Amino acid sequence: MANGISRRDWMKLVGGSAIGFMLTPIPWKILDESAKWTQSPSFPYGRQREIQIHSNERISFSHTTCTLCPMACGVRVRCASERGRGSLEAVGITGTKGHPISDGSLCALGVAAIFLRYHPSRLHRPVKIIGHGKFVPVSLDEAISDIARAISRSSCESVAVLDNQPDRAISHIYRKFVGELKNGFYINPPTCDGVPTRLTDQTLHTGDLAFGYDVNDARMIVSFGTPILDGWGTQRQFASISEARRCGGDKKLKLIQVETAHSRTAQIADEWIPVRPGTESAFALGMANVMVRERLCNIDRLRMYSADFDNAAGDSFMKLIEKYPPAYVSEKTGIPADKLVEVTREVARRKPAIVMFGGNPGSGPFRLDEQLAFMGLNILLGSIGTKGGLKPRGKLPSPYYGLHGSDDSNHLASMKQLSDIPDGSIGVLIMDGADSGCAIPWETVERKLSPAGHTIVSLAPYLAGNAVHADYILPSPAYLETADDVPTPSSATVASYSVVSPIFSAPKFSVRPNGFINSLAEALNIRRSSRSDFSGMEYILKKRVEKLHSMAKGNVFNAETGRSERLSGLSLPQFLERLKKGGCWIDDGPAELPPIRYSFLGGTHLPRNNVPVQGEGNNGPRELVLLPLGTRGVLTAAQSNPIMSKLYQESGLRMSANTVSVNPSTGRAAGLKDGGKARVRTENGTAYVMVRFDKSVMPGIIQASVVPLTKSPDRAEPKIEDSVIDICKIDSDSTWRITNAMIEPA
Amino acid sequence: MDRNRNNGTKDIRLVARGVNRMPFGKFLYLLVPWLIILAIGMYAIFLCLAKGLNQTNMDNRFAFGVWIFLDLSIIALGAGAFFTGFLVYILKREELRAVLNSAVVIGFICYSGAILVLMVDVGQPLRAWFTFWHPNIHSMLTEVTFCITCYLVVLSVEYAPIVLRNKKLKEVPAFLAMQYELHRIMPVLAGVGTFLSFFHQGSLGGLFGVLQGHPFAFREGLAIWPTTFFLFIISAAAAGPSFILLTTWIASRVSRKRLVSDNVFALLARISGSLLVVYVMLKSIDTLTWLNRTVPSLGLSGIGFFLWAPFNIWILFAEIIVFGLVPSLFLLFGSGRLRTGWLVASSVMVCCGIVLNRFVMTIQTLSLPTMSFDRFMIYTPSWQEIAAFLFVVAYGVIIYSLSFRYLRLFPQEIEMKVN
Amino acid sequence: MLPWVYGFTWQTGNIIFLSIFYSVVAVILGSFSIAAIRAFRDLKPDRLDEIRWHFDFESLPEFAKVCRHAFTGEVNQRVCRNGFDCRTCKVHSKITGVPRITKSVYSEGEIPFGLKISANCLYHRGHTWVRVESDGTLTLGLDKLAEGLVWSQCEADLPAVGTRLHVNGTGWYFRKEASRARVLSPVDGEVIAVGGRKEGFYLKVNPGNDSDLRHLLKGLEVGPWMTSEVERLEMALGASDGAVSLADGGVLLDNIAANYPEQGWEDILALMLLES
Amino acid sequence: MNTTDAINRNASKGTDDVRGKTIFFFGIVGMLFLGWIIFPFFIYAPVAQPVQFSHSTHAGDNVGLKCVDCHSYDKDGRFLGIPGTSKCAGCHSHTIGVSDEEKKFVDEYILRHKEIRWVVYSSQPENVYFSHATHVKVGKLDCETCHFGHEFTDKLRPARFSRISGYSIDVSGSTLLDIPSTPSTGMRMDDCAGCHNKRGHKESCIDCHK
Amino acid sequence: MTNGNQVKSLTGKKHNFGMVIDVDRCTGCGACMIACAVENNVPPGPVDATDRTGITLMRVYKADNGMDFPDNESVFFPVSCQQCEHHPPCVSVCPQNAVEVDPATGIVGQIPVRCLGCRYCMAACPYHARYFNWWDPVWPEGMERSLNPDVSLRMRGVVEKCNFCFHRLQAAREKAAAEGRDEIKEGEYIPACVESCPTSAMTFGDLLDEGSEVYRLAQSNGSFRILERLGTGPKIYYFSEREWVRNIAEKDPASALKRGATTD
């Protein structure tokens, strides 16, 4: 017992050590350090984050132009370069102050765009899709030879390029390329923002002269479903509308929203006229009826300038609108006749007035016959070519031809729309990566594809949107890496031009669209002599700028100083330098309006003598109308930017993907619960949705949000769930305004 | 043949002399479910600490979830420790010595459990000591933190002699001497404990009473404290004895023994009842003042708070009348006459009333909208939250069972065998 | 928290709050330290015996603490509050001053449950007897009840000659395997001789000059006390279906302990020897 | 145990006491040694600089550089910290031949256009905001006020980082219980606060913590 | 803590920064929310984040006139920390002084590294403008390269809120210091949300500067504050010409229920 260490001795040692321990810094230091650990970048995983936030970084700013949609916003990118790391990174983005088109503003998508280079769905090599959501890497050469083989094989089918943002330099390259092919198509989606050139050509016979909306001077806007306050138009137009709406007195702009859905614009417009689904054109014709009947328009003048306004023989606009007296329209639209008359009188009184139509990125364009009704209203209001109305804008030169055309222009493919293409005719489809900002339901494209087999190539940098349907994805450089140009936004009344110079060099794996076209042309053995025409974006842009410079008119905005100079005072290198550094050329004013004649019923398209009113009659007891609604950039990578979760997922500001709003009465009648899950069934399929009761939604309507499905952004997944837009009924003219649907609890 | 009353108790060397305890095997068997709950709870706590509070269903609106509500509840129920100590040592009600040890153990369990859950509940437990290092004395939570921590130390010191008196431990001379000396200073600790309890029970009330942003919880103040400060003290003092009564009854039912004399039950009931009557009275006055003065002065109508389903006006009625006035009258006037069963039932109601009050102050407050474009919200705790709380319950049951088995929680137990 | 810690301000509220906090901490730590220091000082055998007895006595149930005068009927229902030390008890000195009225059912020498009470012995409530020898020394031994309870094959840690004993302090220990029972010393004094098992475990004690044996039971008190102790034993054994039943008034089994495992028996023995 | 054992036990009690106390104090002293002598070495991990550099040579009479000659500001007032190799290359575009370390530096970094990953003693935690411009240009502080002595160092000592928090010992300090001591490095929060208090600047948490 | 009048700010002048938001202009586009998140290194919410657990230091709420179809009218309220002036509810409740009002700027500062994560301040804030980091801050791979170097990350388990992009004020001050100025110039410092607003609905500035636009708007007829009745003195003013919009700010949340509507 006396020798050896007893338990008691151990206890004493432990006791002594315990007291000694408390007198050492060990416990206190560990307490303190562990708290500091929670404050350090190594918390909680015990290792330092790879990227730490350094405040000693050198900050610089670069200016360029946003390419996420055609609206040509000037952006100022804040870049940080950390010594040692050597690389430059975008750490912030704002609008370029004083920019003639965007005036320093950006939309939510633009503000978040610095993250797009690291978008989880960005592809890091050319891939070949081998089934739903599965892909294998493929070398560029292999892909090109495959595509070239597909093109040469499809002798009876056509080769088409789907270009979301027309009139860019690369668009001209595409047009030239398909123009060289035997049966090539160059396709543009319908515009979200401007007046469709086809419509102006039909009604005003102005050819390819494009019209914009002069919202700056308008005092009244009647919008048939245009998301005027929700992503429509350029930032300057948006700001100007906002400003004008707040003005007091005479200058105040009044906004009347004629729309079935309780869209964002309908929510905050001065007046919301909730017409029944599909009856917008009936309301427009009703307005026309009132205007003519009450002599609110210059009928004599219209008779003089239009052949089909009041035509004793054959069809005429008068005859058409006679069928739409207020009582009838009221019955169709559900809007009291008094209201129609009152609104029409106010519109006629508050000139200049503009009638806008369509353009919600989710619900798509109106049918042409409906558009004719709206355009007719614009003509009645005398808004064509006048201040505060629809104004034509100047054209931009092509890199291949001057403004007045040349021999080269013969080789450019004509611009077509999807509805122009015969069903089942496309053998090879090349989709440009640029976003249009609008949804293109895949079915509209799909039904044009050859059933005998087709090859689809996407040049998008991301596996997002319609790129998931492609066979080959050749990732082009991402945002801020791409060399491009931005032509006049389609809503603008004044021509403009910006050059997009890459701020960051594109990664090696990326495929430049012009390079791809060049290689493809080479593989197809087309015009070896003029290879340079396809290649060298720098060269093409320079050529275009050169032609623009030779016009010697307009102003050039210098992004670095925030001031504008006359183009005529600048040398070509100076001009090029200004443009490359985020500058912008802007025309002096709208184009000259040529002498026009009005064709209310359209030039070539025979009008239907009755604009059909959809969405009624066939409503069974449980049949409702499904109205898809989206915001700009819908279904694109910009929209599914992870940080957009702030709007769609982490706040109630915007409804997340596949969420539908229904009136509580409608919902309860269908047995739904607020916040519950439901199944929406249409003739095209079934979508699973979340239901939100909203008492401001019209009864009988399923108002559905079209947003990229947010789940599993990291990998391409087999499409398990249909998005709402996938189950919409696509008409033969590639529109999808109205879909009958059933909803039931899931 | 059961020749020895402690036959089969392998741990007889630890069991107090002169009392009967169930066989060790059976004891373990009864503890197994609680040990399982303890293990599940531990896993839940591990998840919360390792992965963060996203494991809970709390959110930015329900920043305080079920844990805070239950913390407030168990601290109120644990008030029996301070109040019994106060009655025994300061007011010399020696009759209550019969439940004093049990009260101390319950207090210890409640407070240590509450602190444990709080440590899981905060986002950065490793920074918990910042509150001591950089205290903001204007915060009720600072007061609560300081007082609860100090009081847990006091309770540990109070619990220590009870442990040291264990048959085996007291054979160590140092332990024997220590328990004796600790026992001698107990009145001082009881006094300190009463002081601390007074403040933290009150501060827990003040916690929500000071929230000017939540008119539903906001109360005008007396001196620097809102009225809820005082209401919480009185309600906790009233609920404490009830809970002691209840736990003693449960312990005696589970062990199938009489542990204390009936007059102790009656005394506890009387104390609880009379305090509760005072509480109900003050609470009613406070509610009326709040409805007619405080809320209108903030531009609202008080009744608006009680229109939101499922927390309609019934909750106010239940809190004050059903679980307040009714049991208080039973306890007060029935303490001498009614059977123990009635007193126990009333105590259950008292405890429910206190828990309901804490629920109203925490959960209902947070669920009500403050801005007109806010929504009314409810929240369902995740399994981790439930499990972590059940951990505390299991921990309490286990500690109490072990204490009951190996320590002399009820000095009257041997005597009760005679009667 | 501390004046030199960042963010400390000398505001009134801060000072009040922190002074209260520090006072509370000081009181808690202070009283704890006092207890710890006192406990450290208490680590002397005599003092520990005192504390042990204090604790043991406190833990006795009320019915085991009946005043000796209640056995004789001199008082009604009195519970001892003085640790069975009548020498310093005011009530005792008061009662012994008046003539005795006896209600005892037993006369001197009578034997309840076959237990022999020796008339010339004084009994201590820890079941020891004290015999005053002619030379003024005292002989201590176990009474019959305790003798019957102690294990048959056990060892005893008898004190060394020269050890000082104290009333209600440790007399000696019985020990069997891991079990142990303590016999309280009934008197003060110095051990002058010890007798082992063969001699029947006795101690001879020199009480010194001021020997005071007033606290020991004698005469009529012993019988009722012994009866109540047998009842206590009976209760401790459990009134259930045990083989050992004392209620028949039969002779106490000599080796009652043999029927019990040491573990369990230790408790009963200790309880009877006033250890809790 | 019998009676004799008990006697023995009593006799050996005295030596047992001494022995027990010795063990007890051994426990205390051992722990103190461990805590005060060993532990500080253990908790901080030394990290050597990739290249040696002599501030005293560069700032000395021979070269005569001022601090701001290398440690400069950006035009928006940002302090740029340790200069990049391009700045060094101004003189050391090829080996001058002053030391082996210089040769190594030129060969491995300058000629390969590589940046040196300096280990920064004064690297403040991510949550700290510190503006050199405000302190130097408005506050008129010398570099030595905080980086005292750094100018005269001939060698770069290894930086020491806490193994737990990862903070440099120069900025997070090594004092116990925040008991004030002489400012050891000048870049701990207490040093900042002490200096601000001395100059009568009241500041809020957000002035320095982001 | 410290009395504002005695404060000698680091750069001299005392400010009281505030904001006026013209809700008649706000279209609820959400650019401010995104700009805020990008500027302040707020990570995108993980897959299971919801509107109740996500972090949006600036959040746009939709409010309406309470009417059913077709008379429903909406308005959007961008709500960030309201930077309360008098006894901000969050300041006095923080147990460890992690929240305080900067006397030199009037900005309510929240120090994440001091925060214990008790969330008492969140319970106290009637504007729900405080957000808790329920998750570790994680960005998709590579994306953290684009983080703002001027703002530190908030770790999991702490509360955060809008601080009027205080780092921008610091940058402006540093720039002023580098240029030898004591004071920043007007317009040098505006928060990211204000900068990003496409309709210029937000005006930011010094409420003490009587010549400033923000002062003029805050004093104008249509200006109001949300829950002004609580007496916390929010420094974010709202502006509307419509009376029903102004009434929303003080309306009893239960008023719809009182009219007999159900709570669904």
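Labels A, B, C, D and E are assigned to the chains in the order they are written; within every chain, residues are numbered from 1.
Note that contacts are C-beta pairs under 8 Å (C-beta built on N, C-alpha and C of every residue); 3 or more make two chains touch, one makes a residue touch a chain.
Note that the structure is a prediction, hence the values are computed from the model and not measured.
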List the groups of chains still linked by touching once chain B is ignored.
-> one piece
Smallest number of contact steps required from chain A to reach chain C | 2
So which chain is the furthest away from chain D, centre to centre on CA atoms?
-> C
Could you find the chain whose CA centre sits the greatest distance from that of chain E?
-> C
Once you count every C-beta pair in contact for both, which comes out on top, A-D or A-E?
-> A-E
Find the most central chain, measuring centrality by the gap between its CA centroid and the centroid of all protein CA atoms shown.
-> E
Calculate how many whole Å lie between the centre of chain B and the centre of chain C, each centre taken as the average of the chain's C-alpha atoms.
-> 39
Counting in whole Å, what is the centre-to-centre distance of chain C and chain D, each centre being its mean C-alpha position?
-> 67
How many angstrom between the C-alpha centroids of chain D and chain B?
-> 49
Could you state the distance in Å from the CA-based centre of chain A to that of chain B?
-> 60
Where chain A touches two or more other chains at once, by residue number = 34, 37-39, 41, 44, 53, 55, 57, 59
Expected list for chain C, residues touching two or more other chains, is 5-7
Would you pick out the residues of chain B that each touch at least 2 other chains?
-> 52, 124, 127, 130, 133-135, 138
As the complex stands, chain C meets chain D at residues 2, 4-6, 155, 157-160, 175, 194
Which of the residues in chain A come into contact with chain D in the complex?
-> 2, 8-9, 12-21, 23-26, 28-30, 33-34, 36-37, 39-42, 48, 52-53, 55-59, 83-86
So, in the complex, the side of chain B touching chain E is made of residues 52-54, 58-64, 121-124, 127-128, 130-131, 133-136, 138-142, 145, 207-208, 210-215, 298-301, 304-305, 307-309, 365-366, 368-374, 376-377
Chain D contact footprint on chain E (complex, rising order) = 2, 6-11, 97-98, 100-104, 107, 109-114, 150-153, 163, 166-167, 170-171, 173-180, 182
In the complex, go through chain A and note every residue touching chain B.
-> 31, 34-35, 37-38, 44
